[in-house]
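Report on the structure given below.
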Amino acid sequence: MDFLTIVQILDSSIRLATPLLLACLAGLFSERAGVFDIGLEGKMLVAAFFSAAIAATTGSVWLGLLAGVAASLVFAAIHGLASITFRGDQLISGVALNFLAAGTTVLIAQDWFAQGARTPALTGAARFAPIDLPFADALSGIPLLGPLYAQALSGHTILVYVGLLAVPATWYVLFRTRFGLRLRAVGENPGAVDTAGVSVIRLRYAAVLICGLLCGLAGAYLATGLAAGFTQDMTAGRGFIALAALIFAKWRPWYALWACLLFGFLQAVSNRYSTIDLWIVEIPNAFVIALPYILTVVILAGFVGRATPPRAGGVPYVKER
Amino acid sequence: EPGLIIDLGGKFDKSFNESAYNGAMRWSEETGESYMETELQSEAQREQTMRRMAERGANPIVVLGFANASTLEKVAPDYPDTDFAIVDMVVEQPNVQSIVFSEHEGSYLVGMMAAMASETGTVSFVGGMDVPLIRKFACGYAQGAKAVNPDITVIENMTGTTPAAWNDPVKGGELVRAQIGQGSDVVFAAAGGTGVGVLQTAADEGIEAIGVDSNQNYLHPGTMLTSMVKRVDNAVYDAFNAAEAGTFETGIQVKDLEDDGVGVALDEYNEELVTDDMRSAVEEAKQQIISGEIEVHDYTSDDSCPV
Amino acid sequence: MEKLPRWADIALVPILNLLLALIVSGIVVALIGQNPFEAMRIMVDGAVGSTYGWGYTLFYATNFIFTGLAVAVAFHAKLFNIGGEGQAQFGSLGVALVCLAVPWPHWTLALPAAILGGALFGAGWAAIPAYLQARRGSHIVITTIMFNFIASALLVYLLVGILKAPGMAPETARFPEGAYLPTARDIFAVIGVDFGYSPLNVTFLVALLAAWLVWLLLWRTRLGYEIRAFGHSEPAALYAGISPFRITMLAMLISGALAGLMAINAVMGEQQRLLQDNVLGAGFVGIAVALMGRSHPVGVLLAAILFGALYQGGAELEFETSVPRDMVVVIQALVILFTGALDGMTRSPLERVFLRFGRRAPEPGAPAE
Amino acid sequence: MSDPAIELRGISKSFGAVKANKDIAIRVMPGTIHGIIGENGAGKSTLMSILYGFYRADRGEIFIRGERTDIPDSQAAIRAGIGMVFQHFKLVQNFTVLENIVLGAEEGALLTTSLGKARTLLKQLSEDYELQVDPDARIEDLGVGMQQRVEILKALYRQADILILDEPTGVLTPSEADHLFRILEGLKREGKTIILITHKLREIMEITDTVSVMRRGEMTATVKTAETGPEELAELMVGRKVLLRVEKKAAQPGARVLEIEDLRVVDGSGVERLRGISLDVRAGEILGIAGVAGNGQSELLEVLGGMRSGTGRVRVNGDELDLVGPRADARTRRARGIAHVPEDRQHEGLIMDFHAWENVAFGYHADPAYNRGLLMDNDALRRDTERKIAKFDVRPADCWQTAKNFSGGNQQKIVIARELERDPDLLLVGQPTRGVDIGAIEFIHQQIVALRDAGKAILLVSVELDEILSLSDRIAVMFDGRIMGERLPSQTDERELGLMMAGITDTDRGHTHAEVEGNLAHVHGKVG
């Protein structure tokens, strides 16, 4: 494997990691606030559909982005309603929303565009254009770092950079602001937050909606950045890989970045090579694809350090027994 | 009333299924009659769908794609009074018409064009599901390219090993990016819905691309070199017509260059990219293939490719 | 103090929830420009309007009974098994191996062997998440989701590799004739009734038997008693000498085995060869079925038939109108949402109503079963 | 006369069918310490939670410093100058002390400034009120006493001048409690108003100015502490004369049934909860274990009952018990003649959603009498239940009733009936009368004594010193996972036991294990 190939694989990894990263950070907000969300997948999917649909009909990717985020927010709000207001089971709600997304996107796509479960291909202003980072050309001559910067890091669409910047932003919000303190507290002990005079309900809704927003970005990137239009079930399990990355990252933003890059890298490699030769053994493609899932199980089993979720995670806050 | 079962990937895959759908529509518009149509959602529903069509009295029933073979083999005998047609595969039953195409020949021609258009000396191929049928495309393509330029490099990638490989535009795009990284400047996508992503990325990255099955030239005028059309539409149209006229024949039907079953799409969208040289070379080769002067190796005949 | 009378808890709440789900589904149908009542008519007619419809309805129901029971048994031990899909996939592998291994002379021999194969493989696939939950505290919901993906990757690997039959499609060879199960059509033909063609087969009876056995297990055996006790309170189980490890394992093994049995119906009964995607989401439908059926075998049975009808009706709907079959997925999602997650929305107002209108007469000693 | 700091009028609150507070009125004068006492479940916590805006009253008015104030949420309570230390602390375990203190009272959107300010203020407060804590320690690393200080600091940081403490001493040793009281007195001198909830009469007498008594959701009396005494308060609390001592004959201890040597237990987070316990219990004797909650008594019962594993040697009737492995479980213990009435009947002793008859088999469901082949013999089980319900006077006498629909006392009777009727050699009993009212208490005590008189060995754990003193034939005091010493009830008193519970042994009186044995021999005139 020569250097150029490595640069290309890294370039591809960043692209493929972006939806995972955005969704992973989305899950991070929600779960840090004590609301488990296995519905990342569904939110991404509706966002992907609506962003592509609106971008296709209006010709503006920005309107598409807005629509995608809005759709994802609606789903987030339903999750909030079920798990915060009505204290339902968060896992069941997530499962339901994933199905709802899978079904409605097809239904609406078919009704709207009559092109099977897909939107028309997006072109021109209906898609995000790549952005060249400053000095990309000038620096590309520098050995090693030059190509890495110019080819792997530069030349992605805006949402990739939003995703990358969201990592320090998330860290800052969670660990350096009042909102973050309360958010983390509500995921650990909502009773403490409540008796401190802060509304648990409002905090959890805020977290769930931020989760919706980020999932919206993830979905929009999928349909308008990575691909050029919506196709049925285009998230293809990315929501679950994001969840896996979240566990891998132990609910921390910087770790999340590395976890998502790793999973993006695995995907990039599996895209490029149908089997991977590891000196003695040859790993078939099916297993390269399943690797993130296998890794998650291994991590959950505690072989690679324990991952303790937020203490109040998954439990609705009930004041009165 | 004839029936058409659209395969996985959907009738708007801009490729294989869409071509069949267009054939049926053409028949419907010309005759003013309606036909039964349904779209498969999953592998395991093939049987129910075929049977439902048969129970409803559709005749003939056209099914698309090799994946239907084993189901049809089982279903056809239960409905001896119904005629079936299957595209891309041979099913030996008394009431089944098997329509197969000489994809290797068409691919040979687009391979030639690719080699002539390439400036880097590297061209590439993105296949859908890794099955002999798709290797047949790849092999024909490589033979054509080598015929023009024996030193040319032909990169070949398959999207996957399962039917999901027909519908993964994101992966298609990633594959072609990798190929571009390896120097390819013309890509041939024989990958159903996945091809949409391949052609899109080719257009984004500014390399030339070749579509498949349907004429896909209109998708990205300016970067679409041509399309290797496979006239599934004609096959469906003919089957419907024959049934109406009472001339539906069972058995194997081979559609090749000679009867325009496969071919190269030339239209206003790729006029600028196709040079006169290409035009004449392709025309000449076509005649030579028809006459047997050039023999294009069919991968499926011995599951191997000489180049 | 029970806040709701038993009948309200067991029947009224689920029915209200179902109604809500159907109303919202109707709105969705109307939104995409179809007449919901007409759609309803087509679905009902398609599902139960002919022996053909019934055949398919009950065929799907058979799948859902198995996966629903699987989810229900795990629910009783307070384990949320989302892995029905993967366990059924793996079970299908077991069934296929059994069917392909021997040139079966007659289905009466093949069926018990296949049941064993499906159950063992299904249970095997549930065993690892169960073990991880019991010994390492890994959340079973996440591990079973991951195992769904891993199962499907594994099946792909096998079906494009060693199990692949000659030909292009990733599928195994057909099972020997002797492994074909008698269909409803065959059975009814014996008594001279013409039953429309459908894949409904003897597995339906196996499913009924399974439901009865699950009932027996949960409410009549020690193990069932222990499963329910553990599900209600883990510290109490410890206090009573019930091993959490043992119960977690056994409940999940039984659950996985039930999910694996689904393959008898789908793979052996219908497809007669192993396909890559043979479960078709039935593992997930099982969640909805168990929730609707309040995890009781009788409830699961009824809910499974309801969902079977939905699936068959949905297929007809797609055939007759331009409403895609995915409408069923939407309905399913809404049922899970309303009966599972938004349960509190109907329950708490109802509780208030019942509290307001006084305590009812002391309830008769109604058995739990 | 100034306005009362707090006045509540006509407060009522129901949880579903349970009326937790019924038409309550109370006045608390500024600068005083006002005690509220009442049995478990009397509604004390509910009332205070309403005052703090944690619950909303169904009816009633709240006046703060003479002004009618609506307290819809805790924010409003904090604004009104009310601070509360809950019975169960409301702290975020993996936050630092400082983070916990500023939580909800931050200044500005960024943390750095608030944390800095809080640090200074905290230092000030700690000095003013003897409330030293390390601001950067994590809560999970602090002991309960420290955590409680954090709770108080939280309230003070929010400038509360009305401070509510809900059973603050339940988890404290007597010396920690003394320290707390000194702090409270300091606060009172500053002019702050304090409401102190407890059900320990001694504490009420020691520190409060006025005291209110609650019973069954109602406020039965408010009196000046100086004008009343413990007897009167106890009577007010339970509604009738309280029997202070259990009637029982002298014990006739026989052979050693339970012998424990160097028993150790390490919990899930690696903390050693039992640090080498050695004890015996003889046939026909009740050994009471006294101690503040959380000093290892629960773990002792659990390891003996087969609910957790440990190391060391435990013999029952001379046979050694497995302390780890598959045969260290509760089922094996039962087979060895050990019955166990657990501390927490709702989470351990009963399955709240099971019928009475199903609960009567709980733990003994594998008993051949309850089984017929593969299936359980439910008819036999129900017959057995009917009998036990009648014998133990469980009300309602309906074996189809779900456990959660019985009152606390009747739930406990079901557990006691189940365990005592097995005719065990050794009975482990934890908190037998927690949350049970006086009628049932007497009955349960009688049953336990009767079992003793039938020659069985009984290990009793209770946090109620009264109960220990009146039931036990011998008392061992636990502190920090160790036995501090053993005493005979006739030769000790609450004061001495209290000191031992705080980890202080009075060496002057130097009772070693051997001496107590000797005393016992002397008392009963024989050696086991």
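Annotations
In order of appearance the chains are A, B, C and D, and numbering begins at 1 in each one.
Heads up, the rule we're going with is that a residue touches a chain if its C-beta (ideal position, glycine included) is under 8 Å from a C-beta of that chain, and two chains touch if they have at least 3 such contacts.
In UniProt terms the chains read A, C = Nucleoside ABC transporter membrane protein; D = Nucleoside ABC transporter ATP-binding protein.
All values derive from a computational prediction rather than experimental measurement.
Common neighbours of chain A and chain C under the contact definition above: B, D. The centroid of the Cα atoms in chain B and the matching centroid in chain C are 39 Å apart. One inter-chain figure worth recording: chain C and chain D are separated by 46 Å, centre to centre, where each centre is the mean of the chain's CA atoms. Averaging Cα coordinates per chain places chain A and chain B 36 Å apart. Distance between chain centres (mean CA atoms), chain B to chain D: 78 Å.
Shown for chain B are the residues in touch with two or more other chains, namely 39, 130, 161. The set of chain A residues touching two or more other chains comprises 117, 286. Residue positions 156, 160, 326 of chain C are each in touch with at least two other chains.
Chains touching one another, given as pairs, are A-B, A-C, A-D, B-C, C-D. Residues of chain B touching chain C in their complex: 38-39, 41-45, 47-48, 51-52, 55, 66-67, 69-70, 74, 78, 89, 130-133, 161-163.
Residues of chain D touching chain A in their complex: 15, 52, 54-55, 73-78, 84, 86, 88, 90-95, 99-100, 102-106, 108-112, 114, 154. Those residues of chain C that touch chain B in the complex are listed here as 52, 56, 156, 159-160, 165, 167-171, 174, 196-197, 199, 266, 270-273, 275-278, 280, 315, 318-319, 325-326.
Touching chain C in their complex are the following residues of chain D: 16-18, 305-308, 326, 329-334, 340, 342, 344, 347-355, 358, 361-363, 365-366, 371, 374-376, 378, 398, 400, 402, 404-405. Of all residues in chain A, those touching chain D in their complex are 175-182, 184-185, 188-189, 191-199, 311, 319-321.
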